[in-house]
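One structure below.
For clarity, chains are labelled A, B, C and D in written order, and residue numbers in each chain start from 1.
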Amino acid sequence: MGGVRFPAALRQRAAGVRLLALDSDGTLTDRGMCWDDAGLETRRFDVRDGLAMQWAVRAGLPVVVVSGRLSRAAGHRFADLEIPDYQGAQDKVAVLERLCAEQRLESRQVAFLGDDLPDLPALRWCGLPLAVADAHRLVRAASLWCTPSPGGHGAAREAIEAVLEATGLWNKVLERYGGSP
Amino acid sequence: MGGVRFPAALRQRAAGVRLLALDSDGTLTDRGMCWDDAGLETRRFDVRDGLAMQWAVRAGLPVVVVSGRLSRAAGHRFADLEIPDYQGAQDKVAVLERLCAEQRLESRQVAFLGDDLPDLPALRWCGLPLAVADAHRLVRAASLWCTPSPGGHGAAREAIEAVLEATGLWNKVLERYGGSP
Amino acid sequence: MGGVRFPAALRQRAAGVRLLALDSDGTLTDRGMCWDDAGLETRRFDVRDGLAMQWAVRAGLPVVVVSGRLSRAAGHRFADLEIPDYQGAQDKVAVLERLCAEQRLESRQVAFLGDDLPDLPALRWCGLPLAVADAHRLVRAASLWCTPSPGGHGAAREAIEAVLEATGLWNKVLERYGGSP
Amino acid sequence: MGGVRFPAALRQRAAGVRLLALDSDGTLTDRGMCWDDAGLETRRFDVRDGLAMQWAVRAGLPVVVVSGRLSRAAGHRFADLEIPDYQGAQDKVAVLERLCAEQRLESRQVAFLGDDLPDLPALRWCGLPLAVADAHRLVRAASLWCTPSPGGHGAAREAIEAVLEATGLWNKVLERYGGSP
């Protein structure tokens, strides 16, 4: 893992990204939904995804989660990362349009990473539609790039590194850890 | 994942399916049963399986879970999906026969997806016996089709998409997300 | 999975097995030990392993768990299966010798399935030493047979099916589900 | 798994190791961070990693965990193993230098096993930088050796066995289980 870059044909488009939106279930998780006898749900996230979300924000690239389901478990994770989450979004495009209006962005400046059919409208709407490695066939078909790793196992990390690299922010992240080797 | 269809020889049979019955442990889960120190059990389900179960119901194809074990954890999941579950079914065929009588269906109109030996009688009884990719050898032998994905990792999703496609209901699902590409 | 048999050279030895002893962590689990913020542990077991343990007992082949660690979580699982468990066994051979004395068995009538170095003395002592697919190299070297599946993902199920088949009890299990196809 | 040794060119360097430091998330875990509805976190560890950590300590090689995040769940695991953990270490090198001063060691006598960019400074500082199989590309590049197994699935076990073997302590471990075969 690591060192993933967009192909040359995509880099210019990716360089213009000013907002990175991520689906949650199947994108930041490996699709697993755990329930216990008491009805409590658990979600599993990837530590490297979270780290990259924080890097992006500190480097100046806002990251948001836009998810169709409401999960308190996921909410705790996003609060811990201090990443804004829009859960229970029946219309993901509406959420993204509102965010764009607030931040004076256009849809072409938004990257969206998703995995399943409910992500299709947002993928068709945004400027840089991205899919996790194990996304549904129709989601991959609607995306310009697929991460090498599946959802919940580093897909978001790879997408974020690739966007940071294309936008020229990746070296800022590396400096924090002693710079490029 | 996605785009899975029945082979031509099975499509006519699948087109007649009016009830889809699913085993739980090993079919909707990856066979994992988690226990904590306090004796609480946890089950892991796949978000895409659940979404497809809801699509099927909304498109007019009833889905039920028929499981040999009683699991409160699984019960919470099925309640969340609003899918009827018949847990603790020592005789799965008896449950299915009762459902058929209530819904005026014949066994040939029922598809059953399972993974292990307790599913054999239901698979032999129903019209469209299906097995998950990692089903027991004897279960695969008793089935007409195996899903590409293993239990708990999209097997039910694939079976549901294939049945919806064969029954002509798949496009109804796609319309919800902006139609076929 | 399924249909696993011992090679011809092992079948006579396996036919004499009258007690099947299983390690827990790494053999009945995939080596995972989960801890939460409150200090509660969780263990993950395989539903098919548990089913086979119950089949063996009902068919007349006693099954016991002999484990070096004490885990209340695992204890709940074994209680649910009604399988005797000897946890916290610093000397697994001593436990097995006591069981043999009680049941008037000899060590050559005992099969042991393990995965790691603490299982070595029991494997060297018993008549049918078995290792899970992902056992430590020295454990595999000390065993006469390795299961195709790794620990916690069906290894115990395969070992039990193979022993039941060699002891002539497998058909008794199949009869319960409608007999051999 | 098992029987992993350092290549000849590394054995002399490894023979001088007197302190083994391990990262936690992604190294002792498979990067998974689980959250439940109540905000409780869970971490998954590998039973064989923990066993090896205890072997090393008993054989005379101190083991410590140096982690950037604070996790009470992980703390319970390390307390159970009686392994000192330095969590929430924003500067891992500072922690290691303090430990070296206390134990009158030099950085060349320290091995560090890590997986992600926050481990880079410690890897560049220590005498034996090691990476898990699924480490980030830049971490692998900064390490002299990669474990065959990924983090949380035996990577630490392999690193510890290799260090114990190079330092001549491995036979001491084997004697506990009846000696070398």
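Here, contacts are C-beta pairs under 8 Å (C-beta built on N, C-alpha and C of every residue); 3 or more make two chains touch, one makes a residue touch a chain.
This is a predicted model, so every value here is computed, not measured.
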Rounded to the nearest 5 degrees, the rotation mapping the CA atoms of chain B onto those of chain C is 90
Across the interface between the identical copies chain A and chain B, with over half of residue numbers shared counting as same and under half as different, the residues used are different
Expressed in whole Å, how far the mean CA point of chain C lies from that of chain D is 31
When centres are defined as mean Cα positions, the distance from chain A to chain C in whole Å is 43
So chain B residues touching two or more other chains come to 34, 36, 42
Contact graph of the chains (line, ring, star, complete, other): ring
Chain-chain contacts, ordered by label, are A-B, A-D, B-C, C-D
Residue set of chain A touching chain D in the complex reads 1-3, 34, 36, 40-48, 50-51, 71-74, 76-77, 80, 153-154, 173-174, 176-178, 181
Chain B contacts chain C in the complex at 25-26, 29, 31-39, 42, 69, 116-118, 120-121, 124, 134-139, 141-142
